[in-house]
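Look for chain A in each of the two complexes below; its partner is chain B in the first and chain C in the second.
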Partner chain A sequence: MIIPMLAFLFVFLFYPFFINIKNSFFEFDNMLDRNPSFIGVANYITMLNDDTFIRSLTNTLILVGLVLIFQVGISLGLALLVNSITKFNTFFKVTLFMPIVVSATALGLMFNLFYDYNNGMFNQILLILGQEKIFWKDPQNLTRLFAIIVSPVIWQYIGFYFVIFLTGLAGLSKQIMEASEIDGCTGFQKVRHIQVPMLRNITRTVIVLAITGTLKVFDLPYIISPNGYPSGKTHFLGTYMYDKAFNAVDVGYAAGFAVFMVLAGVLMSLIANVVFRHNHNL
Partner chain B sequence: MRNRKKAISKGLIYTILSIWAIGCIYPFIWILINSFKDKNQIIRNSFSLPIKFFTLDNYESAILGRYNILQAYLNSFIISFSVVILVLIITTFSSFALARYQFKGKKLIYALVIACMMFPIFSTIFPLYKMLVSFKIHGTHLGVILPQVAGNLGFATILLTGFIQNIPTEVAESAYLDGANVFQVMRHITVPMSKSAYSSAAIFVFLWSYNDLFLQMLILTDRRKMPISALLREISSKEGGTNQGLMVAAVALIAIPIIIVYFFLQKNIIKGLTAGAVKE
Partner chain C sequence: MKKLFSLFIILFTAMLIAGCSEGSKTVEIKTMSMFGGTDPHAETYEALLTEFEEEHDVVISDNSATSDEIWKTSVLTAFYSGVEPDVLFYFTGEIAKPLVSNDYVVSIEEIREEYPDFASNISESVMDPYAVPLKGFVEGVFVNTTLFTGDLAPYLEKDVWTWEDYHDIAEKLISNGKIPFAFGATDVPHYWIEHTVLGMLGPDAFADIKGSLEANEDEWVDALTLINDFAELGWFGPTNGNQEHTLAEASFKDGSAAMILDGSWFAGGFDETTDVKASDLIMMPFPAIPTSEGGKNEVYMQSGFTSGFYISRKAWDNPDKRDLVVELVESMINTDAVKEYCKTGGIPADPEVQLENQNELQISMNSMTARTVGATLPLSDSSKAGTFSVLVGGANDYITGNEEEIRDVLEDYLSQQ
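== the complex of A and B ==
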């Protein structure tokens, strides 16, 4: 019964990945080269000397950091807030989750409209407030450019983790909450000493999902800042990989890239798992 | 005193949440409003309601223009429905086996299923593309469907396995005693009892398939075969800079139907997400 699934996974996932592992040790003259030459780890060495690769890796790691701080942090905060109120809970749940169902492509196009210098929504707001217009996509100002690319990425998935946290909070024992209230716990103490520690296992799930999700980021940066505009400086691992896959015919190099991405994902998830070790007492 | 403090903090909580909620809804309202305005009006004042200058021109040029958006919708549905159906059929069997049978290598298989959620599509794309070429299905819908099925199996299997494990086994056992075979038990007991898990798996797989851009863009190069996301990107890269009206209408055309469907199905979506993620 399990064979159809395994067959699919092997043919379309594991097999191509193993081919990639193999390819990463070879040099290809062109895409259809039938006799690639073995070059050992040379592709990996090239990778470490490739400025754009290092750039895209740094950008991705910075994004992972921002995601862990803001996405996970804000979603936990919002979940605690919604959990503490009694009215309109469903309304907030439904609206906060909404951006997730819209495709990142549409969101990217939408934010492009917002960032537009002449007629964008953000600049219109600035004008109404009596401020100067801002050239959002100024290639000179890389920090701002980076910020406007990653903000929608972070914003979109907050609702996702928010709902997971909220379910976790709903599952916490009511007795402990009531006991803490009788003992005179203030709302903030309750959050800090009881709710957050008890969410440990869920936090771990969220962090692993957030890390693996961030490594896969593609659509939004690709649309807001095509080809790592300007000159590859805003590439992420996913967009640079796409660039390599299309514009460069270096099959071996791209394969090494792919292997690296999976290793990075597995490694980071393992670290998260060790830091937030599963606690069976919760 | 205490009550007053409580009331203030309640008010503060509602204010923060409302601001965030507006931040989630307003962008889409802005899109909807402006999609009915003449493109010059968007430039001048994008916050006004489209009363004086109400127009359907943007939609007209989006639907009847050089790009056939209706055809793209059809393509999207062909692809995404096929993916959903295949994923559900395959995971019905795999999750039943994982949840109900003890067999050698079960742990390993479960680990593989979880591992495959870690494989971004980028990590397989080159060999995959070559494979599709040798199967002669690159550039076809099938060439997108099959890899998408593989990419979604892990999630769906984990969600359904977790759900089936929580169904009490008594009913199935008494059915076996009455002489039912495995397939009858699956068809008449397990599957009907897991309806809610099925619907959420279906919805999520559909969304991910419908919203995917990378694979669709790489595999489908013929404009007539493109699903909606890929076509929209094409439109934006060709004329997005100049025609804001067209862009707004295009975004509305892709986002608004999904949002409407979302409001109808939100209960299943949110319930399913939590069933899958919180379990483990």
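== the complex of A and C ==
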């Protein structure tokens, strides 16, 4: 069982990754260039001097921060709330998990329609409320533009982490919870001193998943703000790598990008693991 | 028991494979095209494939999709990884260079050495050395004539609108509460970039991009800054063109925008049942940019035959397939087929094709050549592969008229030519 899985991983993950590392040291004339020129670490040096790369890295790191605060935070809050109720439990689970089932591309197109200046849902609501229409995707207002790109990204995966937290909560010892109630623990005290600390290992897993998932975010931002519009200012690492690989046909540079993304993912996951060290007593 | 079961499975699979390989002589032909999904040519293409399949002892595995950057790349990687199609409908020019330079496709000359009549119905003047074209395209301004009422109606009598005409028309449309031009700069600023540069510098600039940019960078900047002038005049509506192309198209299709700059393929989205009827549309050339604005004062257009059918080297070298793939391409490009494809618009590559029952839009698209002084392939096709995306990336700078940024974009573009 393990050998076929290892073979699969080797063929579809390790081998392409090593080829990718090799490609990052070459310059390709075109996508099918069989004789690319060896240029050493020039792609990596270009990357560090590329303003759009720095911008896409910054945007991605900001998104990681927002995801950790809002996506993980909200999903934990929702899990604690749903765990504390007995009625409509399944309804909330299904409803909150729903966005995961929808493809990110479809969600992106849907949000594009919501943000449309002329007939978009958000502006129609504003008009009903007697307000002026807003040009949601105004490139002159970069903060708002960034916010409307990342909001669906954060929203979509709340349900995923919510389910993980909920499963973690269901696995907590009932004796401890009952004992805390007998000792007169209030709901908030129970959350703060028992449930959240005991979810430490689950939280660590969720954080690692959230970080690695965010580093490779692509589809929603790409649909909502193609080409990192305006002037690459809303690029993320994933979208800029795609732009370099498929629009600019700069295969070597894009390969370097991919290597950087993997290394960044590993590094950030390690940091998360150190900060949220596994507690074997839980 | 488990061993016996495993043995049975292995034997059964082996028999199945042996049975398939010995019992069937049917040849499989793999095809790939951009006539997939919602493409207006998909129906014609699929019908022709089915017809060919019924008339020959072949199985056709078609892997068509609508064209986008991913599809374009997937075609190239299919060749690179040895799973290329036998017959391919793909772009010509810079993007197809990897196919040609790696000898992945067969030249028309080589095919004709063995099949002298191959594609003989197609005009030689539009034939690519490696691909057989079906039809050509023209680019221009699609006009919704139903919005040209009152003092705008006389403009419909003219063959060509001048620079001043366009300004007057736009002003009147704005006062009528309409958006003069639907523009989606976020993802498709291509047409505006190309037409302003073409009007300002002429087709020679496209033929020698590097030389033109080195000698006339200021003119290039002026050309792209025109987009800012138009935006400031309100030509692109409240979003100033900062929207996706699909939304821009939607605003033209629902009648809130009066004009859109696009290619003849855009006509495929209209017929007599759509909100804006095909018979209510015409195409006008992009205006000549007067010398007072730094332009050439001549009306040019972008047009050409930039796609066609290729035969892969692998299929050509396969004696079981050679005749079949040649015949398949012939069935796709014969006069009847070209006529069928041209029903959605475009210039037939076969001069024998007589288009019947053409609506106003098709007539005006076909008359574009007569209304312009010169034509050229689009700048995106003339640019080195992958470099036009640099100009696309600067779209917002053209809208805002940020000269410093525009120069940076142009220098970046120049460095990659």
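Going forward, the second predicted complex is superposed on the first by the 268 of 282 C-alpha atoms of A that agree within 3 Å, B and C clash if a C-alpha of one lies under 4 Å from a C-alpha of the other, contacts with A are read in each partner's own complex, and residues count from 1 in each chain.
In the analysis below, contacts are C-beta pairs under 8 Å (C-beta built on N, C-alpha and C of every residue); 3 or more make two chains touch, one makes a residue touch a chain.
Note that the coordinates shown come from a computational prediction; the quantities given were computed from them, not determined experimentally.
Trainee: In the superposed model on chain A, is it clash or fit for chain B and chain C?
Mentor: Aligned through their shared chain, the two binders clash on chain A.
Trainee: On the A-aligned overlay, A:93 touches which partner chain: chain B = first, chain C = second, or both, or neither?
Mentor: first
Trainee: Does the superposition put A:179 against chain B (first), chain C (second), both, or neither?
Mentor: A:179: touches no partner chain.
Trainee: Chain A residues in contact: does chain B have more, or chain C?
Mentor: B
Trainee: Output check: A:230 vs chain B and chain C. Expected answer is one of first, second, both, neither. What do you get?
Mentor: In the superposition, A:230 touches chain C alone.
Trainee: For A:117, decide between first (touching chain B), second (touching chain C), both and neither.
Mentor: second
Trainee: By the touch definition at the top of the document, which applies to A:267: first (chain B), second (chain C), both, or neither?
Mentor: Touch status of A:267: no partner.
Trainee: Touching A:78 in the superposition: chain B (first), chain C (second), both, neither?
Mentor: first
Trainee: Name the contact category of A:250: first (chain B only), second (chain C only), both, or neither.
Mentor: A:250 contacts chain C only, not chain B.
Trainee: Which one of 23-31, 77-85 or 203-211 is the stretch of chain C that crashes into chain B?
Mentor: Only 77-85 shows clashing C-alpha atoms.
Trainee: Considering only the contact definition stated at the top, list the common interface residues of chain A for chain B and chain C.
Mentor: Correct list for chain A: 112, 116, 118, 226, 245-246.
Trainee: Can you check the complex and tell me which residues of chain A touch chain B?
Mentor: 1-2, 4-6, 8-9, 11-17, 19-20, 23, 78, 81-82, 84-85, 88, 91-99, 101-107, 109-110, 112-114, 116, 118-119, 121, 124, 155, 159-160, 163-164, 167-168, 171, 187, 201-202, 205, 209, 212, 215-216, 218-219, 222-223, 226, 237-238, 241-242, 245-246, 251, 254-255, 257-259, 261-262, 265-266, 269
Trainee: Quick check on the complex: what are the chain A residues that touch chain C?
Mentor: Touching chain C from chain A are residues 30-34, 112, 116-118, 135, 137-140, 225-232, 243, 245-250.
Trainee: Within the complex, which stretch of chain C touches chain A?
Mentor: 69-70, 72-73, 76-77, 79-80, 97-99, 102, 104, 185-187, 238-239, 242-244, 246-247, 251, 256, 385-387, 389-390, 392-397, 400, 405
Trainee: Using the touch rule from the top, collect the residues of chain B that touch chain A in their complex.
Mentor: 9-10, 13-14, 16-17, 20-21, 23-25, 27-28, 30-31, 42-43, 45-47, 90-91, 93-94, 96-98, 109, 112-113, 115-128, 131, 146-147, 149-151, 153-154, 157, 207, 210-211, 213-214, 218, 229, 232-233, 236-237, 240, 244, 247-248, 250-251, 254-255, 258-259, 262-263, 266, 269-270, 273-274, 277-278, 280
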